[in-house]
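First chain A sits with chain B, and in the next complex the same chain sits with chain C.
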Partner chain A sequence: MADSPLSSKNSAAAKRPVVIGLEVHIQLNTKTKLFCPCSTDYIGRTPNTNVCPICLAVPGTLPLLNDLAVALGSRMGLGLHCEIQNYSNFHRKNYFYPDLSKAYQITQYGLTIAVGGYIDIEPEGRPKRVRVHHLHLEEDAGKLVHPTADGRLTGAAYSLVDYNRGGVPLSEIVSEPDMSSPAEARDYVIRLRQLARYLDVSDGEMESGSLRVDANISLSNPDGSLGTRVEIKNMNSLKSLERALEYEISRQNKVLDSGGRIVQETRLWDDAEEVTRSMRSKETASDYRYYPEMDLAPIVITDEQIEDFKRAMPELPWEKRERFAREFGLSGEEVAILTEQKELARYYEETIAAGAPPARAANWVRMEVLRVLNETGTSISDFPLGPSVLAELVKKVESKELSSTIAKDILDTLSREDITLDEAVKRSGASAVRLTGCLLDEVVDRICAANPGVVETIKSGRDKKGGKMKFLQGLVMKETRGQADPSEAAGSLSKKLGA
Partner chain B sequence: MARAAQIRLAPEDVDRMMDSINDILSFCALVGDLDCADTPDFTWRMKKLPSRRLDEAGDWADRDRFKSMSPTMEGDFFRVPRIHAED
Partner chain C sequence: MEIYEMTASETAEGIKAGRFSAVEAARCGLSRIAKFDGEVNACVTVTEEHAIATARRVDGMIARGEDPGPLAGVPYIAKDNFCTKGIRTTCSSRILENWIPTYNASAINFMNGAGAVLIAKSNLDEFAMGSSTENSIIGPTKNPRDLGRVPGGSSGGSAASVAAGYVPLALGSDTGGSVRQPAAFCGIQGMKPSYGEVSRFGIVAYASALDQVSPLARTVGDLAMALNVIARPDPNDTTCDAYDRPDFAASLAMRDLRGKRIGVFAGFEAEQMDAELYGALTKAAALCEAAGATVEPIDLPIAVKYGVATYYVTALADASSKLGCFDGIRYGTHIDGPTLTDMYANTRTASFSEEVRRRIILGTCLLTEGFYQNYYGPALKVRTKMAMEFEELFSRIDAYLLPTSPSMPYPMGTKETDPTRLYLGDIFTVPISLGGLPGINICMGFTPDDLPLSVQLVGPRYGDASLLGIAGVIERVVGRPGAAAPRKLEEVR
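On to the complex of A and B.
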């Protein structure tokens, strides 16, 4: 049953310390499933087409481990500062639910591929280290469809199963309960997703299910001991994760305030109603009757292989952030935006390599390139303006051959039309008339003469916030139709008005 | 042996089971003492199979035939009886 919805404002006033641990499932970037050669490209496919005797558990078949899944799991483990294990194995996790064809899931339990790492987060500028307990490999389950009006299991006379997703490789990353707020949990998932993308381990798309988060949350007791833990599932976006945790903090506080006790259970987040609903009492490990998977050989990773994995590691997000700040003299905020996506960071570096000054290029990528990407809903990989063209554009602004206003228009044009930079410059008319020096001063004189009241306010020192000056600058840019450089226009106005 | 089998034993259980375990080990020792010097090698050896495979896709030609033999299909889905687990 769902409790009545509670606003996030209530939850913000949580009274008891919050303890959150996350289990994050990441779909690994393999072409085939974990134990058979079926394709992992299941989204939009006809049900039960990506299946074979192995993932359908036809008697007599044997699973065979995908080598790339081991490599990707190890790579992710190294990125999380985990220790890669020389020896690990698989277990059978039994449960009676038809989304698994075998009636058990092949997963790692006890001896896992990577143990004991950490990831540094910085929610709202406050740095914190979250420990990672372990990373293990496992197969995904199939998809159940319940033919009821609301699609829920309750009331379904039967169910339908699509095993296209069954057997797709996942790495589950289990954190220690080190997070103490929804914001920290959100930042943890963001950093994890960024790492997975940097390492080409997963696309990390929450909406498509490539990255799924289950949260364990409890409120500490007055004596400081951990309270009863509740697991929350079905959060398919970062916003859902935050809101579900906020709701749950509030709900648990309310239960305890009224003298009740928290039941150990699994609850489902209902995104539409913004509540968590009790799904089932929480299973414990003994309920799953784990036992070793005798159909699969243990995973043996030699020290040499681990060294090979380490040598093949690309530059990690925090390493790139540190280098960008050091090499290009960028601020923390600039670095954070430019390194958020590996592809954007590469675009920025290639722009610099093509001759654009680092600081100016950083502004253009952060402000203008990202603006166009947002407006057009495209990714940097599909951005039609190559880094060398952006570098040329930035250099023209730097040399005052183009005003920044016109250059922005040119960037817009180039992102829409398949023409060269020279053609776009010609079309803008910027090369025909370049208002600078005496020509610009004449425009400034005209604008000042037409606005004596504003000029008087500035000269008398009453334009404290600079709004009047900006107003005049805007008029100059309008008058010159963007053919003046804004900073040059501001300089000419300041000189004339003594401001 | 219990540790190898991942069975957790309380100290009192270890003492209780020691005799049985010693019997098993003694029997293993007897087998180990057998004189096999004149016993010929196996004429066959178990083929060593790879423990991992490359990430290369394959297709299953008999998929549709297999699905057509399933007693309970609905469209392309497998149909399963009512699930009671979460009632």
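On to the complex of A and C.
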């Protein structure tokens, strides 16, 4: 490990402050592309089937702006506490590459739909505000396909291009360089993704590419001035984001420690080798020859529309967290888990609305529902056991009609099989009538009669630690198949054995 | 009167009244092409089969008592940068030599929907970059009024087609004068409507911010008729205004110019332009005054001094990005190379002419760091200044008279070697384009050698209808010279 860059992590030089800014692209949840009526559903499609004259840049065609993309971009902007601009426009970002049919990408530049704003993050319990510089709309590029074994360009005799993704609407969110550790960057992305999902603006899946992160990272100089910035691309998960930033911090520290200089460049994260590699020297903005897109009328969003967007905003993650804590008296950790996905939060609230007590329902959703979802790999939206059924189940436990052990079995059964709660209860063997009073006493008598040795031990006062008593209790519970209340069973045993 | 001598409205009337059929009208135009185009070279593609089939459909509708539309059976020609479904569209460029679009330009759809019959696609300076229609894969177009001279450009093929009597009506595109100037050179009427009046969808772009579909005809009335058909909102072009257009033809009821205030360009020295054209401008001003208008000389210092420079900076910057799509990958000529860059270079070097490459390279330079600050940035500021100058101008007057071109049609092969001089030929048309204003070329008569004398009449943005009315009065008092057949053309055969 001595020559691994990661080992320099603890060296004295590693105290150089880290400065990280992120550019996050999210694919907006629209059915059609940003400037044409083609479908945005490109994953797994036959190449070049979701295309039309507009996204193929057939001569004479003109872009048509998708209004929903503007609405979603504005909504995300509002969620980020940005100011929505009444007037913004598009530019052409010019560069030649086969994945770009027009030889320019239509993107916002200068005048963007949303500016300013922030996200409050809390990595490892330490709150921090990360400022957002702006949010803009742009179109995605197509995809090159290289006919080599590893799918890489090197060694390919030719390349193919698939324009299915070309023109898919993206919203790029550019942060200020306010993050100072990989953990903060990770939390920023988590919060941003959660917001996008709460707002139904994007799926935010990093693996499938509907959320992409580029990181700019530099190490400050001893005098506090900013160091040279390096851009890192190609991080396809939160884990690779964190690893790539950690790698880059140690790499830059090593370079600086050895008296070298950081080169301004773009580096690609190699997930398999866990290193970043130089891609190209950083292109400056002027190389793109930005030019106003005269084929599109400017985007005009009136104050009235902005008010409409605001009114249509759903409850935001932090608002929900605050309300859950206040209304349901839950702990911070409980709230965090229950509100992570708005669908789970809604499930929880519906369970309460159906009569389940909040604290107990919180435990059930957190412990049992999430367990089953994890085991079966389903999402809460596809979970077959509805909140009203869960509420019934929780109520039965609350009223001691069912033991929690049996109730958990029933929850498992209901998540697997399409049967009613009553059928599941019946099948579990638990009768609707609870075993209590003299019926319970009868079982206790039977168990004591069958275990004379143990009874003798207890009666003679030799069961100092209560282990034998527990043993008998267990037998009673087993015999009653959980239909007895454990504390009542214990009481009945104590009475009989005088312990 | 022969069919080919008729205006578009007379042709439609004749067909609707059953005096002759749409097929006869189409055949008449096609026979004129067959007779003269070997010499004039105005047409890139003759669409005979399509034309006869369309004309038959129009005749069928009339036979069934249905209304085929205001342009029933009127033959027309469209510049070869209008996309036409199933019909080759070359832009007179090698790169699109064999390209067949899968869709129609909106203007083509509107024309077809009004009953008009497309009989040919006309020649242009490659990608509409030029003022003489000499720079084309099919070779230069000649001016029907003097075959030794250029027809102007870039819509030279459309202008020559109308002047030579192939069709009464043609469509062109005007970016910096590309319809007004060839109309002037060929002695017909041509109008660039206000920017945003006509959909640009399906026009292969030169400069998005300036291109405008523009009709050419032998009378102002036909221009108005064409505008009634093509000027309408189009969901395919968001820069095409959604407002309800007036009836452009109705304004032709204007009988005189009483109460109209007309400005006449005064800011030039006589040597800046050909004397005959100075005479035409003076004559037009006098006619306006005689028709009841108050006429005052007005200077346009910013527009005329900085127009050409501003125009070329903005148009070429625009063009350099719009022409990027011709990369040899999805359509058009493809010439391979060992690397991607070689493929781009091989394809584009071999397929674009020197003039197109010059403009792309200039435009590319203009947008790079440093140049942008020194050229494109200031050009945008000047454009704003010019807009203010025009706004002030049209707060005082209803229409403005100025030359269309500073020069008479020049002999072929004389100007293209000097691009700077060629560009200066646009001095009076480009400011109007930069202002997004409507401008009409009005033919005022001919020299003894049958060379046309023209003026340009300009109005405020979206003042197209009233501008047509004023132009109509001038055309009437001068005696409709634009309808005159070229004297020397018949002698050729």
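Please note the rule applied: the second predicted complex is superposed on the first by the 414 of 499 C-alpha atoms of A that agree within 3 Å, B and C clash if a C-alpha of one lies under 4 Å from a C-alpha of the other, contacts with A are read in each partner's own complex, and residues count from 1 in each chain.
Here is the rule we go by: a residue touches a chain if its C-beta (ideal position, glycine included) is under 8 Å from a C-beta of that chain, and two chains touch if they have at least 3 such contacts.
Quantities reported herein were computed from a predicted structural model and do not represent experimental measurements.
**Q** Quick check on the superposition: with chain A as the shared anchor, is it clash or fit for chain B versus chain C?
**A** By the criteria stated at the top, chain C and chain B clash after superposition.
**Q** Any idea whether chain B or chain C touches more of chain A?
**A** Answer, by number of touched residues of chain A: B.
**Q** Please indicate which partner A:161 is in contact with in the superposed arrangement: first for chain B, second for chain C, both, or neither.
**A** both
**Q** Just checking: does A:15 make contact with chain B only, chain C only, both, or neither of them? Give me first, second, both or neither.
**A** In the superposition, A:15 contacts neither chain B nor chain C.
**Q** Tell me which partner A:495 touches in the superposition: chain B (first), chain C (second), both or neither.
**A** neither
**Q** Could you say whether A:92 touches chain B, chain C, both of them, or neither, answering first, second, both or neither?
**A** A:92: touches chain C, not chain B.
**Q** Scan A:126 for contacts with chain B and chain C and give back first, second, both or neither.
**A** A:126 sits against neither chain B nor chain C.
**Q** Check whether A:289 is in contact with chain B, with chain C, with both or with neither, and answer first, second, both or neither.
**A** second
**Q** Report for A:478: first if it touches chain B alone, second if chain C alone, otherwise both or neither.
**A** Neither: A:478 stays clear of chain B and chain C.
**Q** So in the superposed three-chain picture, is A:102 touching just chain B, just chain C, both, or none of them (first/second/both/neither)?
**A** second
**Q** Touching A:59, do we find chain B (first), chain C (second), both, or neither?
**A** In the superposition, A:59 touches chain C alone.
**Q** After superposing on chain A, check 110-118, 146-154 or 254-262 and name the one in chain C that bumps into chain B.
**A** 254-262
**Q** Kindly list the residues of chain A that each of chain B and chain C touches, one partner per complex.
**A** Overlap of chain B and chain C footprints on chain A: residues 53, 56, 58, 64-65, 96, 98, 161, 292, 296-297.
**Q** If we count contacts the way the header does, which residues on chain C are in touch with chain A in the complex?
**A** Per the touch definition, chain C meets chain A at residues 81-83, 89, 91, 96, 99, 101-103, 105, 200-205, 207-209, 235-239, 317-318, 320-321, 324-327, 329-331, 340, 344, 364, 367-370, 372.
**Q** Touching chain B in the complex: which residues of chain A?
**A** The contact residues of chain A facing chain B are 30-32, 37-39, 46-49, 51-53, 56, 58, 64-70, 96-98, 110, 144-145, 153-154, 156-163, 279-280, 292, 296-297, 300.
**Q** Inside the complex, what are the residues of chain A that reach chain C?
**A** 53, 56-65, 92, 94, 96, 98, 101-104, 161, 284-287, 289-297
**Q** Touching residues of chain B toward chain A in the complex: what are they?
**A** That would be residues 6, 50-58, 60, 63, 66-67, 74-83, 85-87 of chain B.
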